[in-house]
Amino acid sequence: MIPARSVPEAMDSVRDGDADAALVPLENSVEGAVGVTLDELANGDPLVIVREVVLPVTFVLAARSGQSLAEIREIASHPHAVAQCRGWLRRHLPATSTVDVLSTATAATGVAKGDYDAAICAQIAVERHRLTVLAKDIGDHPEAVTRFVLVSRPAPPPTPSGNDVTSIVVYIAHDRVGSLLAVLTELAVRGVNLSRIESRPVGEALGRYCFFLDCAGHVAEARMGEALMGLRRTSAAVRFLGSYPRASVERVMPAPGTTDEDFADASTWLARLRSGGTG
Amino acid sequence: MIPARSVPEAMDSVRDGDADAALVPLENSVEGAVGVTLDELANGDPLVIVREVVLPVTFVLAARSGQSLAEIREIASHPHAVAQCRGWLRRHLPATSTVDVLSTATAATGVAKGDYDAAICAQIAVERHRLTVLAKDIGDHPEAVTRFVLVSRPAPPPTPSGNDVTSIVVYIAHDRVGSLLAVLTELAVRGVNLSRIESRPVGEALGRYCFFLDCAGHVAEARMGEALMGLRRTSAAVRFLGSYPRASVERVMPAPGTTDEDFADASTWLARLRSGGTG
Amino acid sequence: MIPARSVPEAMDSVRDGDADAALVPLENSVEGAVGVTLDELANGDPLVIVREVVLPVTFVLAARSGQSLAEIREIASHPHAVAQCRGWLRRHLPATSTVDVLSTATAATGVAKGDYDAAICAQIAVERHRLTVLAKDIGDHPEAVTRFVLVSRPAPPPTPSGNDVTSIVVYIAHDRVGSLLAVLTELAVRGVNLSRIESRPVGEALGRYCFFLDCAGHVAEARMGEALMGLRRTSAAVRFLGSYPRASVERVMPAPGTTDEDFADASTWLARLRSGGTG
Amino acid sequence: MIPARSVPEAMDSVRDGDADAALVPLENSVEGAVGVTLDELANGDPLVIVREVVLPVTFVLAARSGQSLAEIREIASHPHAVAQCRGWLRRHLPATSTVDVLSTATAATGVAKGDYDAAICAQIAVERHRLTVLAKDIGDHPEAVTRFVLVSRPAPPPTPSGNDVTSIVVYIAHDRVGSLLAVLTELAVRGVNLSRIESRPVGEALGRYCFFLDCAGHVAEARMGEALMGLRRTSAAVRFLGSYPRASVERVMPAPGTTDEDFADASTWLARLRSGGTG
């Protein structure tokens, strides 16, 4: 276990062979996609996702030992965290001012150094800096979660579990509704469902985007294979980001006619037709 | 060469092995599909189309030797033929009555036997019955053509010519616009163009149809193969009616990303991904 | 009630004002579309369908009085009728020959004149020619029906019944799968279902088609109106053939979001947005 | 002109009537969407976009007066800004360390206070804090831009300019590829092009998204109006965020059949049909 200062640093350490894998945040149920992770997955030497982990997001209010809630005047945190605790702060500390810092970890460090009275941060930062917890679970969205992915250097994907996700990046040639429709149709016509779509700018001008797609299924499955080949043939470019077990137990059943058995039957039938049989 | 009295008889003689192939009319540029041929192709033991021939439709006005145009009072023909010569008849023989008979050949036979004064028929019937041509090319649609197909017992299709037609019959499970859209989308997404679509009733009730499709391409080509497999998987049933050279020289070029090379590249790429490569 | 010798004659008598309406066959559950009716609807001065009637098709074997089944050697009928009675003939009169004539009515006339021993025809022809019925219901498809439509000169369509059909002819500019897909998508996106699609050749060359569509709904309904306007804007041409009550009781419910109320709500909402409201 | 500390604060001041409008960043050509702005537009009392402004993003390296480039050891900036200047830093200051702070403005403040040697910031911050520019245009993406929008309380949209953007948020009922396809099809079938699509999480769980769409056209135009009504009828919810002139001169021409004239013609035609005319 090696801590990294940033997502790019963590992923570069995998690329360089200094680490075997990196656990990086991909999206948060409140704040959305983590752009830097998407960009790192889309660019540079390819890495693949081999596992996903969905973890609850919980915030504590932490201070140095001996401080009481009544003494808190200035609270530091990342603005996203402050935003997620706004309701609690309004009810319990209406007179307190907040200081925006770069991360919740930075806020905890600052509290330890005496820069601020308290930090909104994760429990782990409390332990690292020997702080005291003044209040737990202060987030306004108690069910908020962050989805992390474990990325490694390219390797054969894990065996299909029957409930997998395949992540890809697709680049389209023209920024028209028709182009995105065509991408989605390549998936839909093979019965591949989307669980997420995220656009990201490409290059320096506005108006050019690539799309991060999370698809239900595994690259080893026939319908996913045919859909990926369709995207490969018809889009400007596709980067495969991995097939891995879905963290959630909620499973999407394949549409009629799209199981591996259906594809195998169709393939046998076509072979008969091509050799003069009658189907 | 064995003449047959009807399309079903001709096709049954191929099924029974009494003939190697039958040349049957499939559609006429003025009258449309020849329903009996479609039905014979869709039902019974499978036959396949191995060639198409497009022939001009020309009509002559034929009488017994010695008859002159001025003496013609009653003209026999098939109503379709009469309809296609209506303009000429109005201009040249406005006072003549027409008798509807079952075919232009029957009309010529009747003229030879003395049943009628003249027949609207094909040149070949003139020769067969030693009639005299009173007027040539009397059709109102001088460019009208009939498309015939040569059908044989199932056999490996002819080698792809680069400009082929693949004919199929597709049955859909539900009579909704969505079902037909789904069929057409299976073709379109693989870049397979349609040159003809014809619906025919299925069974005894109204509202159930199958679709006769003429698609641009050959079953041996990757895009056609994948499209056929898609229909096989997702429609109620598909019957393959053959891949054969297109009679017309007008050629449809494959859409970008749909050549056999594009499919082969995509297949190689997918194999790399599945074995842990990076594409 | 004026009998007409042919479908075109019947329809021209309406166009000319000699008749108020004509009842013409549109499709048969066994034989499919009646091409001549489609062509007459698509061409010439516009006529509109105001009603549809679905009638069972039943065949009798009729002969002159005094004839018995055992004496029948030669049976006349239209080939379609012969085809639909093939099973009965094989079981009951295997040694009989059949003579193809232009219509079942012609066959009955011929029997009355003594040209043939018996006719396969409709009950009404038996009465007209004072023939005797040797066997009833001899068709192999006892549930076969023919769908007739009553056509009149253009007039406001009948009031919506809640279960109507709208018939149109659509011409597409390019004979590609994409063009037909676009037509069907204009319907599907407004929740308009198809109950029939029929292609017919346009002009003299093969490969150009128009499409006869029977859509579920009435021109007075919002979703049908918007779909028709969409076709008007994006296809080469559309001819409206009428909105009229569906003969069958089987009713298709509108898809969610496509009732007249949904359209009215959306229209009110849009008006609010355009005037600076917030929806 | 009132400076606001954050995007939510700026937008709330418009909601509260303390300001007439707020200029907020919507997306950056390198970093992508500004999530907090999207969330503020989607939630709370409605606000509308009335104008967009696209501004170049340029970075300077700024220090206190008297500092030279050779003396710089520690540079502060927002990590996005550091990332965009990584190439310049590697070439010119390879030994320097960077400190991540919350914004480029914060970095400039810190330099003025003596916390850091230099800041990567905008020119305007240099003037505000009386700093010295050590290097200009140090970004690796010299054409990078940020798109700002001016938001106000709901009001009638600006008159169509002929080259407008309409921004909306669409919520879909089911997280399937089919649902997003349906949204895009509502737009495509009316000839409305997308210039941007952005997904954002909805609520607290992963897997539920809404979509921010920038569409080419104005709410006052017929095709946009019909498309918006289609989304209103068929999606779970739509929020209109405004129609306003496109900042870029690059103009998308309407597809054939989708001008206001085409819609007006189709509407007149439908009215004729409904009243018994023939189109």
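We call the chains A, B, C and D, going by the order they appear; numbering starts again at 1 in every chain.
The definition used in the following text is that a residue touches a chain if its C-beta (ideal position, glycine included) is under 8 Å from a C-beta of that chain, and two chains touch if they have at least 3 such contacts.
Treat the numbers as computed from the prediction; the structure is a model and nothing was measured.
Chain geometry summary: the mean Cα position of chain A and that of chain D are 22 Å apart. Centroids of chain A and chain B (each the mean of its C-alpha atoms) stand 55 Å apart. Looking at chain A, residues 185 sit in touch with two or more other chains. If the chains shown are joined wherever they touch, the resulting network closes on itself as one ring, and no chain has more or fewer than two partners.
Chains that are in contact with each other form these pairs: A-B, A-D, B-C, C-D.
Chain C meets chain B in the complex at residues 6, 8, 27-33, 35, 54, 79, 83, 100-102, 106, 141-145, 147, 175-178, 180-181, 184-185, 187-188, 192-201, 203-207, 209, 248. Interface residues of chain D, counted against chain C in their complex, comprise 46, 48, 154-157, 185-186, 189-190, 219-220, 225-226, 228-230, 232-234, 238-240, 256-258, 262-263, 265-267, 269-270, 273-279.
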